[in-house]
Every structure is written in C-alpha cells, then in structure tokens.
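There are two complexes below, and they share chain A, which is joined by chain B in the first and by chain C in the second.
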Partner chain A sequence: MDQALQHLVNGTVLGGTYALLGIGLTLIFGVMRVVNFTHGELYAFGAYMAYGLVSLLGLNFYLSLLLAALLGAALGAVIERVLLRPLRGADIDSVMLAMIGAALVLQNASMWAWGGVAKLVPSPFDGMPLVFGPVSVLPLRLFVLGVAVALLLAFWFLLDRTRAGIAMRATFQDPETAALMGVRVAWVGTATFAIGSGLAAAAGALLGPVFMVSPTMGDLVGLKAFAIVILGGLGNLPGAVIGGFALGYVEEFGGGFLSTEYRDAFGFLLIILVLAIRPQGLVAAKERVG
Partner chain B sequence: MSAVLAPLLGWSFAAAMASVPFLFPDPYLLAVLTSAGIFIIGAISLNLLLGYTGQLSLGHAAFFGLGAYASALATLGFDIAIGFGLRLRLDPQPVWVGFLSAVVVAGLFGWLLGRLAFRVRGAYFVIITICFAQVLRMVSLNWVELTQGPMALTGIPPFALWLPGQGVVELTSKPQTYWLVLGVAVLAFLIVRQIVRSRIGRALVALRENETLARSVGIRVTHYLVIATVVSAGIAGAAGSLFAHYVRIIDPDVFLFIYTVTMVIMVVTGGKGTLWGPVVGGLIFGLLPDMLRGAARPEAQWIAYGLAMILLVMFLPRGIVPAFTGLLAGRRARVVLPAAAAREAAE
Partner chain C sequence: MLTRRTALLSGLALPALSRTGFAADPIRIGMTQPLTGAVAASGNYVANGAKIAVDVLNRAGGVMGRPIELVLEDNKSNPREAVAAVEKLVLRDKVPALIGAWSSTFTLAILPKLMEYKVPMVVETSSAARITTSGNPYVFRIAPTSEMEAIGFAELVGKYTPAIRKIDFLSVNNDFGRGATEKYGAILGAKGIPTGRVETMTPEATDLSAQLTALKQSDGDTLFITTGVEQLTLAMRQAIEQRVGKRIVSTGGSFPDALIHQPLPGGAHSDHVLFYAPWFPEKAIHPEIAKTYTEEWNKHGWEFAGLTEGFRGYDAVLTVAEAVRIAGKVEPEAIREAMWKVQIPGVNGNIHFQKEGPAGRESGQNQPNVYIVRLADGKTSLV
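And now, the complex of A and B:
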C-alpha cells in the first residue's frame, strides 16, 4: 500500500510534465491540423537551452527556465513561418513528411552542437527528500509538478479568458468561419505553434535537472506525446491533460508492479489497445477517426 | 512510355546492374550497392502501402527488423523458457529456412498490424504504426534470453544457396551476395508490379483516390488494405533477412525510426505510387551517404536527408519519376479516374 502511494506521487509528478507536452501537441493539431513531429525535438531544445544558460552562461536557474521556454516558443514561431505557412493547403501526409524532415534536422543539429554525451542541468535544490508519512519526494520534483500545474492553469486562462484564446478556439472549431469573423487565422497559426512549442520546451527545461539531457531524448518523448494525445483524442484539450496523467500513472505503476524493463513500452501498448477498442480516444465522445 | 518499350528498358536496366561485378570489380562499390539494394527492396515493399494504398505507414522498420531477427534466430537456433516450466527449442536451421521464416513472420505481423491499424485512418494510423515498431524495439531490447538484447545476435551465418553442379554453397564473395540481393530485388519488383496491375491494385488505387466512393461501389476496403500490408510486410521481412545474413550481426537498432525514414525518403524522392520510384530514390539515397562519408560527418548527412525531405515536399511533391515521365510525355500524363478505377475493381 505504501509502495502504491509512492507510485501515485511519482506518477503525478511525471504526469504533470506529460500533460504539458500533450496539451501543446493537441492544440497544434486541433487548430492547424498538423501532426507535429518536431514536438519531441522542441522538448530536447528546451532542455539544452536550460543547460546552456545555467551551466555555460551561469544564469539564474529560474530565469533560465523561463528563457528556455521563450526560446522554444521563438523556434516554434520560426518553424511555423518557414515551413508550415508555405505548406498551408497541402495534404496532411505531405505536412507530416516535412515535419519529419524538420525533426531530423533539429535532432542532428543538436547532436552536432552539443555532442553525444548526456548532460545534467544543475539545480539549486538539494538531494534530501521531503518525507510525508509513508511517501517521500525530492523537492526538485515537487517544484517541477508545481510549475507544470501553474503552466497548465495559465494556459487554461489564456484559452478561456483572453481575446487571443477566443480566436484560437474559434479557429479550432472552424477556420473558415473564424476568418469570416475577422480572426487573422494565419496569425493564430503562428501563435498556436509558438505556444505549443513553448510548452514542450518548458517541459524539457523542467525535466533537464531530473533526467539526463541528450540529443536523442526527443525521440521517445515525442512518441510519448503522441501517446498522450491519442489517449485523450487528437485535438481534445482536457483529454490531453487526462491522457498525460494517465500515461504517468501507467508508466509508474506498470514499471513498479509489472516490469521495469518494459516501463517505456506500456504507453505504446496502451495506445495500440485504445485505438483497437476505442479509436476516438478515451474521453472523446465524438467519432474522430478520419 | 509505350507498353513495349517500358519492360525492355526495365530488363536492360536489370541486366546492366547484373553486369556491374564484371565491369567494375571493386569490392567497395559492390558492398555499397548490396546494402543499397537491400534498402531498395524495403522501399519497393513500402511503396505498395505508401504509394498505392496512400496510407502513410511509418512502422516499416518493424517488418524489416522482424525479418532480420526471425531469419537470424532460425539459423542460430534458440532455447527459451515460455512459462509454466516449458521450454521452446529450435536447432539451427539452414539459411533458406531462415529466409522463409522471415517472410512468414513479417507477413503474420503485417496481418496483425493491418487488422488493428486499419480501424483508423490519417494521423491515428500513422501513430499506431510508429508505436508498433517502437514496442518491437523494446521487446528486442529486453527479451535478452531470445534476442541477446543490446548485446546483439552475432555469428549469423552467411547466405547459402543451392547451385547446379555445386550443391549447397555459402555465398561469401561480394559478387555472389550482390547478385542474390539483385535477384530478390527483381523478384520483389515483379511481385509488386503484378499486384498493382491486378484487381487488388485497382481496388487499392480506387480507395486511395476516394475511399467513400470505393466503399459505395462495394470494394471491401479493409480486406484489400490488409492484403497489401501482408505482402508489403513479407517483402520487407525478406529484405531484413538479407540484411541479417549480409552484415551477420543484428541488434535492436534495426527497429529504429530512422530506418523507416530512410525507406520513406527513398520512396518519396523517387515517386510514390510509381513502380520505378523506389528504385530511383533508393539508388540516390543508397549511394549518396557513402559518397558523402569522406566529406561530411554523419550528423551532416542526416541534416541533408531532413532538408531533402522538406524541399521535396515543397517543390517536387510527386517525386522524380512522375516529373521525368511527365516531361517525356508532355502533358499527356495518364490519369486514372477514381470512378473508373473503382468500377473496374468492383467488377
């Protein structure tokens, strides 16, 4: 039982960052109909920026996290303007191929720039775990969860309460009508891609001090982001948050009770199962398979 | 190109490729061509899915890897626990048994993936195929008793073939291996051509062009998609088997996404949905890395691949072969009307 509680805590911490990843990806798909294969690379980019700013430039840790997320958003905006804007109107498969190409370029550019050796972002938190009864958690992980939840709330506020958010949701529902209502759809596209990328980079920067930073770290994470989004249904925002936490728990409990080696495989098996049984995603009501 | 000229050109191309070991007996060139040939076989099989059914299957490395492991394990033999105190044991088999089991195992998994994945379309289908390869990679990494995990399967025997007058001989020389790969490639090409020109092929094109219409005239869409996946997986498995007995060491990296991407780039560059597309694209991207090897780092090579993919999608979305035949034929490019194709296939 105590062990289960500990897994619950760990799964929640993991789930928070997964939710950040998922929500960015699902937003991009919902608004732009783009399957973003660069998402994992933006996660890696965020982690590397955090490493560079903290370790090489010696900047403040918290400031570095913020800057890493902003740089991620800027890179996202560039990708959107250079790559996606010219491909507007192309079929979804062509855009996917172009995004795979972009992911290849990004990953190998970071391999080139940073070398293959894994790095760790130093953090101001010490290694003593906080103990609450039967469970213990590292302060760093608590901080990661806190920031993740804060970002999710900020994102919800942006989408639900601001004019930009209304424009995004309108484009999400129907780009043509939104355009007729005076929404600058092209601008919404850039903003959406930048925000989604910024969230991915933030997740990477947050986990940089927890896990190692390496050029190929984006591969697995990018796939996991897809898993999260599929669990909730592509383009379903609350679904992505639920999917993120669900994947966190599945990995923690599966890794803890079933098999540590196959920890990373559980998510993928889950996707295959979900798609086989409920192709529209776990929480989506509407059929959305096409 | 006319109906008489095209096969003639095709066969003379095959003959020219077959004469390479006589004209240029350079072992390095043959090694490069052999590994390019193996990936061209993979690309030919991927084209059946990507080009003719229009389904962006990004788990193709799964079938390649399954074939490689099946063939390697059959020829090396294994002895594993399968639970309940039972053991499954296989003594080392000859290489042709390995080759056949690669085709069969990959084909079976193709059937499984087809049944599962074709319940969904578009982005969902793409992601399910990627996950499929990823799960297999993790199994191959962690099922150490069977696959040796990251330590890799080593000492895989080379090809052996029965040759008239000589009995069963191991094909150890570079030209022999090259001809074997070339032979399998020609066979794969012919199989795919036969399928594409059959009822199945017409049904596939019909549903690529307009699935709803194809369904409405009574084409069993999923049925044909699964057939195409099984054939495609089987051929990819054969390519994997060739790879295993050629490099003679197999590790879980054969399931990497990057192998799928290599095959996808070959197909897209050459022209998806054309018979010669994978061959042309495969020759370009099979030979290019080795030419660049001296000049650039591997990262630069992958960056070039990525940029090539982006530029192709933007400026040559249909690939080289359609652009070229389009030039030759002027504006008389043959267009298969979806409705006509659907009617033809339903009959």
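And now, the complex of A and C:
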C-alpha cells in the first residue's frame, strides 16, 4: 500500500510535467496543422537558458525561469516567421521535413554552444524531501507541479476567455472564414507557435533543475510529447492534459509493479490500446478526413 | 627498461629527443567515442585523454621519428554509428590500429568489423566479459572486466561497517549494466552476500522514481548502481527524494562529479569503484605518469572530474604507440602481433596483455587496478 501511494504521488508529479509538454505540441497542431518536431529541442533550449541565466549570469532562479520561457517563445516566433510562414499552403511532407531540419540544427547548435557534458541547474529549494506519512516528494517537484497546473489554467483562460484565444480557436476551426471575419491569421500563426514554444521552453526550464541539462535531452521528451498528444487526440487541449497524466501513471505503476525494464514500453502499449479502441484519442471527437 | 620509458612517458625525456616539427608522415591512430548523445560526457573525457597522450608522445619525438595523429570519429552513443565510424576510420582514413568504443554495446557491435578488416583495437572502457571471450584475436582490452572489478571490490568488502549483508542493483539496461549485475551478484553471492532486488533503466531515462520506489521495498542494505555519469548523478539525487535509505556503491568507473560542487543533502555519502583517483595521484602505481597526465589535463582547463575517465584514452594511446614501436612498421598485422609484447607503465598501472578466450583465437586482456573512492559532503577519500 505504501508503495502504491508513493507511485501515485510520483505519477501525479510526472503527469503534470507531461501535460505541460503535451499542451504546447497539441496547440500548434490544433491551430496550425503543423507537426512540430522542434518541440523537444525547444524544451532543451529552455533548460539551457535556465542554466545559463542561473549558473553563468547569477540571475534570480524564478526570474530566470520566466526569461527562459520568454526566450523560448521568441525563438518559436522566429522559427514560425522564417521557416513556416514561407511554407504556408505547402504540402505536409515539406513542412515536416523543414521542422525535422530545424530540430537537427537546434540540437547541434546546443552541442556547439554548450558542449556534450550534462549540466546541473542549481535551485533555491532544499534537496531533502517533504515527508507525508509513507510518501515523500521534493519541494522542487511540488513547485514544478504547481507551476505546471498554473500554466495549464492560465492557458485555458487565454483560449477560453480572451479575444486572442477566440481568434486562435476561430483559426483552428476554419482559417478562411476567420480571415473573412477580420482575424489576422498570419499573426495568429506566429502567436500560436510562440506560445507553444514558450510552453515547451517553460517545461525545460522547470525540469532542468529536477533532472540534468544536456543537448540530447529533447529526444526522449519529443517522443513522449507525441505519445501524450496521440493519447489525448491530436489538437485536443484537455486531451493533452489527460494524456499527460495517463502516461505518467501508466509508466509509474507499470514500472513499479510489473517491470522497470519495460517502463517506457507501457506508455506505448497504452497508445496502441487506445488507438485500437478509440483511434481519435481518449478525448477528441471523431473528425472527417478528406 | 620500465624506468627509461617511464621517464619518456612522463614527459621528462631528454631535450635532444624533443622535436618541434616532423618531416615524416604521421602515424594515424583511429579512435571512436560517443562525443555526442546520451553518454557524450564520458566519451569526450576519454577523447581528451587520448589527445594529451598524443601531445606528450609527439613532444618526446613521436614513434620511429614520426608524429602520432589521432583520427577521431563520433559514434553518437549508438552502436550502428559505432560500426559506421569504424568503417570510415579503416576504409577512408586507412588507420592501422583503433581505440574504442566506450560502451560494451558499441564495442560488441564493432567486433565483427575488426575480424573483417583485420585491424587491432585497444578497448579502453568496455567491461562486458564477452568482448574478450568470444574468440576475436584483434581485441586488446586495457579496461577491467566487470568480473575483475567485482573481485577487486570483494577483497575490500570486509572494510565496511556495518557489514554488507544483502545487495540490490539498479543498472542501465545494456551489456555494461547487465554484465556488472551478473558478475557482482555472483562474486558477492559466493561470499555469502545474497542479491535482493534488481531494477533496470534505459540509458536515456531521466525519471527513475518507479525503479527507486520499488528498490526501497527490498531489505537489501547496499544498492549497486551501474550506468554513465549523468544517470548515476540523477539516480543518487532521486534516491534521496525517494528515501531509499541504502548505502550506494557505483561500479564501472563512473563518478558523479557534479555532486562535489552540489553535494547531496543530509550528509549522504557514496562509494565509487574507479580506475584512477585524480585526487590522489601520489597513490597511483606510477605517480610520475599520473602526475604528467593530470598536469597536462589541467593545462587545458578541462573539467577536473573528467580525469577519472580521461586516463583511459591516455593509456590506450600509449599502448598503441608502444605496439607500433615494437612492430617497427605501421601495418595492422604487425601491430597486432606486437600488442602481445607491450609492457608499459600507464596511469592506471602496468599495461600488459594476457590471453583470454578460445585457444588459437585469443583476445588480449590487461589486469588493471581498482580504487574505491568515497564521496561525502563534496569531499573525496580513498577507502
């Protein structure tokens, strides 16, 4: 029982971070129909920015996290302006190839700039865990979970209650009609990609101090982000949150009670199951194709 | 002879031997390491060690009056890329001898290519037993096998208070991790110390909470962790979070250098099976060589912690250079034959190969030294 409770806490903490990873990716796909292969690299970029700002420039930890997310958003805006906008109307293969190329460039740039040796990001949190009966959790992990939930709520508010959010959703539903209604679709594209990138960078900046920062840290994360959005349904925002927590719990309980050897495989097994039973994902409605 | 060469290798050669330029073509030594990818930190450390050995040798006159040139290929922490790197080194760069490839998985992937191209390779890091027992006469390993490590550790097991009664394992799920689990489990088992729980992790895994929570349930008192530097550091930090509450011992030469500057909280300490302890060069078998290596490394301003792995590249280059010198010609078969006559001092200790594997197709295996270094509150000491 104690072990199950600890796995529950670990799964919740992990699920929160997975949800944060998934939401940026699914937003970009939902609004722009772009499969963003740079998502993992933007995550790594955010982590490196946090490392540089905290360790090298000596800035305040919390301010560094904010700046890292903003820098990630700025990088996302540049990618959209330079790479994606000229490809508007191009076929999905060309866009995917451009994004894969951008991911390779970003990863190699990280390697060149920071070297291959992993870095530790110092944090102001105590390294000793908080203990609640049989379970324990690091204060830093709770902080990450709290910020992840706050970001998810802020994001929901942005989409649901603001004019910018209405413009985004309108573009998501029908770009041509949205443009006729006066929505600046090009601007929505840049803003969406910047927000999605900022969320990826925020996740990297938050998780950098929990784990370690290395140029290839985005590889596994990129793969997991895709798993999360496929679980929840591509382009579905609540689906990304549910998919994130589902993946966190499946990995944690599967690894803890069945086999750690196949911990990552359990997540993908779940995806196969979901796709077999509900091909549109856990939450998304069926969509007409073609 | 040892004394003369010790002086040469420690950079104290007579000025007459020193040359600022070489008229002859360089002798190329091929090396493949994981310079990028999951275990890039270690690969870069080993490559840096090799580079400074080349500098030291060239300052002392090179080999046969010719300079040494290191041709480095990245295997990207991937066994397929390791094979491609060897193809490039042998076919494009025409190197007569190789050094590589850090991970046992990468090295095992390369072995058939050595047979195909008939080029000898010095294995500087990989510890899986199969590397020298599979009947590949082109393999010469200076690194210890997991079994040698475990035997070395078992000799010191009586020094632990409270005594080690039951062990658990957290190992990376590849040849390196599985090999260490098997050998440490068997050798300590023979000493009456049973194995409790065994958990594994993929090399890329960063969240190890499921594994550590499961290990916490075992009644083992000592947790052996086998993986690269980055994952070892993560595992040790997360073991505090999950309140695993066991003595931690790492194997395979990995040392969590980041924990010197950011120590684990609560006075936690850990032991690490290493093959060079740079904090105590005077305790090395050949202190003068260890000192030269350490000074050259520090001159470059590289991270001090890399010294624990960089020596592998340094010793490997010394080994190949000596084999070329004995062979008297830069031909793979002659160098392979000469490997059996190599007897030089290195940073880890004396390097000399003994035969291992099926008769007629033996591989070379060196008998390296093992040190156990304790890390407590950011400070190191020898056990």
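Annotations
Just so we're on the same page, the second predicted complex is superposed on the first by the 283 of 290 C-alpha atoms of A that agree within 3 Å, B and C clash if a C-alpha of one lies under 4 Å from a C-alpha of the other, contacts with A are read in each partner's own complex, and residues count from 1 in each chain.
Assume a residue touches a chain if its C-beta (ideal position, glycine included) is under 8 Å from a C-beta of that chain, and two chains touch if they have at least 3 such contacts.
Quick caveat: nothing in here was measured; it's all calculated off a predicted structure.
Three-chain overlay on chain A, with chain B and chain C in a clash.
Looking at the shared chain after the overlay, A:126 reaches chain C, while chain B stays out of its contact range. In the superposed pair of complexes, A:141 makes contact with chain C only, with no contact to chain B. Of the two partner chains, chain C is the only one touched by A:14; chain B is not.
Of the two partner chains placed around the shared chain by superposition, chain C is the only one that A:115 touches, whereas chain B remains out of contact. In the superposed model, A:264 lies in contact with both chain B and chain C.
In the superposed model, A:6 makes contact with chain C only, not with chain B. When the two structures are aligned on the shared chain, A:45 is found in touch with neither chain B nor chain C.
In the superposition on chain A, contact is made by A:217 with chain C only, not with chain B. Note on the superposed arrangement: chain B collides with the chain C stretch 109-117, while the other options among 109-117, 217-225 or 343-351 stay free of clashes. Touched by chain B in one complex and by chain C in the other are residues 111, 219, 261, 264 of chain A. Those residues of chain A whose C-beta lies close enough to touch chain C in the complex are 3, 6-7, 10, 13-14, 111, 115-120, 122, 126-129, 131, 136-138, 141, 211-212, 214-217, 219-220, 251-257, 260-261, 263-264.
Residues 54, 56, 58, 116-117, 119-124, 126-128, 130-132, 134-135, 138-139, 141-142, 257, 261, 264, 268, 297, 299-300, 302-303, 305-310, 312-314, 317 of chain B are the ones that touch chain A when the two sit in their complex. Listed in rising order, the residues of chain A touching chain B in the complex are 29, 35, 83, 86-87, 90, 92-98, 100-105, 107-109, 111-112, 219, 223, 226-227, 230, 234, 259, 261-262, 264-265, 268-269, 271-272, 275-276, 279, 289-290. Residue ranges on chain C touching chain A, taken from their complex, read 35-38, 40-41, 43-44, 77, 173, 199-202, 204-207, 209-211, 213-214, 216-217, 229-230, 233-234, 237, 240-243, 258, 261-262, 264-266, 303, 306.
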